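In the two complexes below, chain A is the common chain; its partner is chain B in one and chain C in the other.
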Partner chain A sequence: MRFLKSNAGGLALVAALIAFPFVLSLLTGEALNTGTPKFWQGMLAQVFILGVYALSYDLLMGVTGVLSFGHAMFFGAGAYTAGILLKYAHWGLLPVIAAVIVVTLVQSLLVGALSLRVKGVYYAMVTLAFAQMFFILAEASDFREYTGAEDGLQGIPVPAWLSPTHERLTFYFVSLAFCVCVYLIVRRIVSSPTGRVLVAIRDNEQRAQTVGFNTFAFKLIAMALSGVLAGLAGMMSALWNLSANAGMLSTGTTINALLMVIIGGAGTLSGSLLGAGFLQLVGYWLNDAFGPRWPLLFGLVYIVIVLFLPYGIIGTWRARRRQG
Partner chain B sequence: MADLLIVDGIHTYIGQSHILEGVSLSVPRGSITALLGRNGAGKTTTLRSIIGVLQPRSGTITFDGKAVQGKRAYNIAAMGIGYVPEHRAIFRDLTVEENLRIAERKRGDLARRSDLIFELFPDLKTFLGRGGGNLSGGQQQMLAIARALVAENRLLLIDEPSEGLAPIIVENIARALKRLAGETTILLVEQNFRMASQVADRYVLIDDGRTQQSGAMADLVADDAAVRRYLGVS
Partner chain C sequence: MTAPTTSPTRTLPRLPRSALVGLGIGALFLLALFGRYEPKVAVSILLSGLTLGFLYFMVSAGLSLIFGLMDVLNFAHGTLFMLGAYVGLAVFNAPFLAGWSTDVRFLTALVMGGLVAGALGALTELSLIRPLYSRPIYQVLLTLGLTFVGGELIKAIWGTAGFFMPTPSFFNTQGANCPSPDLLAFFTDHCSSILILGRAFPSYRLFVIGLGLVMFLAVALLLRKTRLGIIIRAGVQDGEMVQALGINVRRVFTLVFALGAALAGIGGVAAAPIIGVNLGIGQEFLLQSFISIVIGGMGSFGGATVGALLVGLARAFGDQLVLSGVQIPFVQEVIRLSPSIARASTVIIMGIVLLIRPAGLFGKKD
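Now for the complex of A and B:
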């Protein structure tokens, strides 16, 4: 009962998102799997996937205070792992999910063990270098047979029941469930004793050490959790696009995560989801209205947000509510 | 009274600056020892060297018979040393309760120690759910000390607890520290000589990164010349 009371807003939002395709179908008079309802299911499915990716970055940057410029390497690794195993090894979806978890866990632990030895801007540069390494690997013609090199890995076979083309409504609900589950997991982590240590590290790492915490180990845990969640988001993105490409490993993909988290409010978790919605939907509308100039306008919107909402949308709202 | 902490001739550098040039001191078990000196004498650097935030290049530090130097801060803290840094060092983004709970080394530490903590700092009990960053300066200082009391630390290193606080708050903190005398051993860095002389039973004077003299606090209080020379207090 207490859970229902304290999460009334979130539950209402989930209920609204469940009802959304049906309401839209009723309003437009179009079938669920056609036209406008189908389009918006796809649009929101992408928001949910991006939301998970932003949440994963928020856990690392917003909650733990570790600024990475290479987060896309996990997103891309998840996408390529899923794509290669589905297309060439013909694995089922569950083993593919397990493989994505293992691959991104190993990847994040290795990268973390090497890069977390340095701090601040040096850490950011080391992660950028790692991400570039994976980006170059994905584009390398030596592995064209598996990765598609600069053309990307095309035609990933998605199980028929989850086809984003033919079973859009199912894909919509699966991605919604994925996003809600990851949000609840991350929220649970942040409110756990481990999460409190992560917040303490963000606050003052040296102080956390003098209280008795091996901060390197805790940052590595944060990086591993964050890497696995980003990998799963990358896998979902590959399932949605039926492809994986080197752009998923690029600096631009990391910058998108940073934008979503800052727009929503770093460390707020729900802000990351809002930031994902903002990036996807405002990006779409600006593109629709202004064509190729939309990133310039989006940049202006971003500057306005940073100037007037310095802690992001949710962060600033919470800060103002606290001040009464 | 056996010594719980022995610092013997440590030399600590910050970057290229040679800050501690052979500081030696001992802290008897159960005592409150004040580490005194002018600004820049090396008091904070001494505490930071003991807790492992700074690594001395030479000299030894022994806590309860075990060598401390070369160990990482979290290992030293786990040996039973609580550190209260200067500038009201709390975790501002955590609530009061979370600030206390994070210092638990064993499950239930806070429950076991809550009587003592809330007896010393009753205000904290009423602010358990409040964010650390929203507390007043005095409350933050109380919280910082309380956090070091959650785990049963055998030695507390407390750096400038009275800094920037109103006299009434300083008195409260002094009273709390005196009350702790029977519970734990304290090495206290304090600029406020009046407070230090009320609280501590022993003193160590350092100047320019070297130990100048040490002994019973009562002797220093009676030694006007030393107080004037090393602390600039008349």
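Now for the complex of A and C:
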């Protein structure tokens, strides 16, 4: 009961999102799997996938206070792992999910063990360098057979029941469930004893260390968790696009994560989801209004937010409410 | 007679240990190079490496100076480099300069590339970085956003296609007596390449090495011998103390930001005839100069220089290695790879340095 009461808003939102395709179909008079309803299911499915990616980044940057500029490498690694295994090894979906988890876990532990040896902006720089390495490798002509080099990995076969083109509604619900599950998991992590240590590291790493926590290990845990979640989001993204490309590993993808988290408010979790919605929907409208130049506007919005709204929408709102 | 005042600095290498490490690595590298290839090939790889290294230096020097003085890691530095290249190309091809020789146009391009990048750097520091000194993390977030905005702006102005920038005629004459037999002959015939130990080497690349050396000496002299340099070095040590002594540190910040940006902008113009002008060069040079800085150590001018040269040499050696093929023991066929692999593998060098000495060769341990 208490869970219901304290999460009324969230539950209502989930209920609304479950009803959304049907309501839209009723309102427009078009069938569920055609026209406007199908389009908006796709839009929101992308929001959910981006939301998971943003959540994973918030866990690292907002909750633990570790500023990584290489988050795209996990997103891209998830996408490429899923794509290559589905297309060339013809694996089923479940083993692919397991493989994505293993690959991104190993990747984040390796990168983390090296880059967490340095701190602050230095760490941001080192992670960016690692991400660039994966970006270059994805574009390298040596692995064209598997990665498609600069053309990207095209035509990933997605199981028929989950096909984003034919079974859009299923995909919508799967990605919604994925997003809700990850949100609950991350929230659970943050309020667990481990999560409290992560918050303590963000607030004052030296103090956490003095109290007796091995902050390196905890930061590595945060990085592994966030790396795996980002990898899963990347896998979903590959399933949605039926392709994976080097752009998924680029600095632009990392900036997207930053953008979503900062717009919503770092460390607020729900803010990341809001940021994901903002990025996807406003991006769509800007693209409509300004054509291919819209990323420039996004960059400017990002800079304005960094300058004038450091706690993001949710963060500022919470601070206001606490004062008022 | 007063006692000679020597001040320990972070901006120049603290000899001898750190320099010995750098020299040691360089010597090992030379040994590997000359052991593997005949001297004339080795020398030409060495010179290619130095060319790349000095180009990386032009980016990493500013990056490191800015970080050392004001603790701002400028992620937009690669973008300034790229902007320099684009502006340089635009000046080079500008209609109102069309009557002049390519040499004059190229010199103007170098100066303008540096000036525009420097002015933009100063403007960025004044308007965007300055309000955020109390929130250091947001400074980095901001500069990362600037790389994005800068890239998009350049895309909007110049489009996505890459450009080719010709070498000025001073380094680009074809003739009967080319390639020049030696450096002296070059100054009369201006051949596009010069024979070094009997192997032709592009003369423009020698110019880049020279330009890099001049820039290195100029910055080193600035830091060592001028009042501004003393203030910068003192600011690296303890900015608050310098301010307490009545020096306007903020103005020095802007100046150093502009200086670092100008170095990158000049680097962009100088690199353009070698690597071309396209949207990828900013990220590429940012990456390599990050690696240089990790190797050399943060906030140390000498470290940034040595790191950049080492990365350049490693790149040239790696390119040669992957092009000629790698022979792995117990495997019959030679493995041939694309240069991208050499590009990516410099990150592995960074990983090794992080494992052994996270503070870099010249960095302070903390």
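Throughout what follows, the second predicted complex is superposed on the first by the 313 of 324 C-alpha atoms of A that agree within 3 Å, B and C clash if a C-alpha of one lies under 4 Å from a C-alpha of the other, contacts with A are read in each partner's own complex, and residues count from 1 in each chain.
In this section, a residue touches a chain if its C-beta (ideal position, glycine included) is under 8 Å from a C-beta of that chain, and two chains touch if they have at least 3 such contacts.
From a predicted model like this one, the values you see are computed outputs, not experimental measurements.
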Name the contact category of A:L307: first (chain B only), second (chain C only), both, or neither.
-> second
Mind working out whether A:D142 is in touch with chain B, chain C, both or neither, as first, second, both or neither?
-> second
Touching partner for A:I101 - first (chain B), second (chain C), both, neither | neither
Have a look and say if chain B or chain C is in touch with more residues of chain A.
-> C
Which partner does A:D203 reach: the first (chain B), the second (chain C), both, or neither?
-> first
Now for A:T215: first (chain B), second (chain C), both, or neither, which partner does it touch?
-> first
Report, in rising order, the residues of chain A that make contact with chain B in one complex and with chain C in the other.
-> none
Which residues of chain C touch chain A in the complex?
-> 67, 71, 73, 75, 128, 131-132, 135-138, 140-142, 144-149, 152-153, 156, 283, 287, 290-291, 293-294, 298, 337-338, 340-341, 343-344, 347-348, 350-351, 354-355, 358
Within the complex, chain A is touched by chain B residues 51-53, 72-74, 77-78, 83, 85, 89, 91-94, 98, 101-103, 105, 131, 134, 147, 151
Complex contacts: residues of chain A adjacent to chain C | 67, 69, 114-115, 117-118, 120-122, 124-126, 128-130, 132-133, 136-137, 139-142, 251-252, 255, 258, 262, 293, 295-296, 298-300, 302-303, 306-307, 310
In the complex, chain A touches chain B at residues 193, 196-197, 199-200, 202-204, 206-215, 267, 322
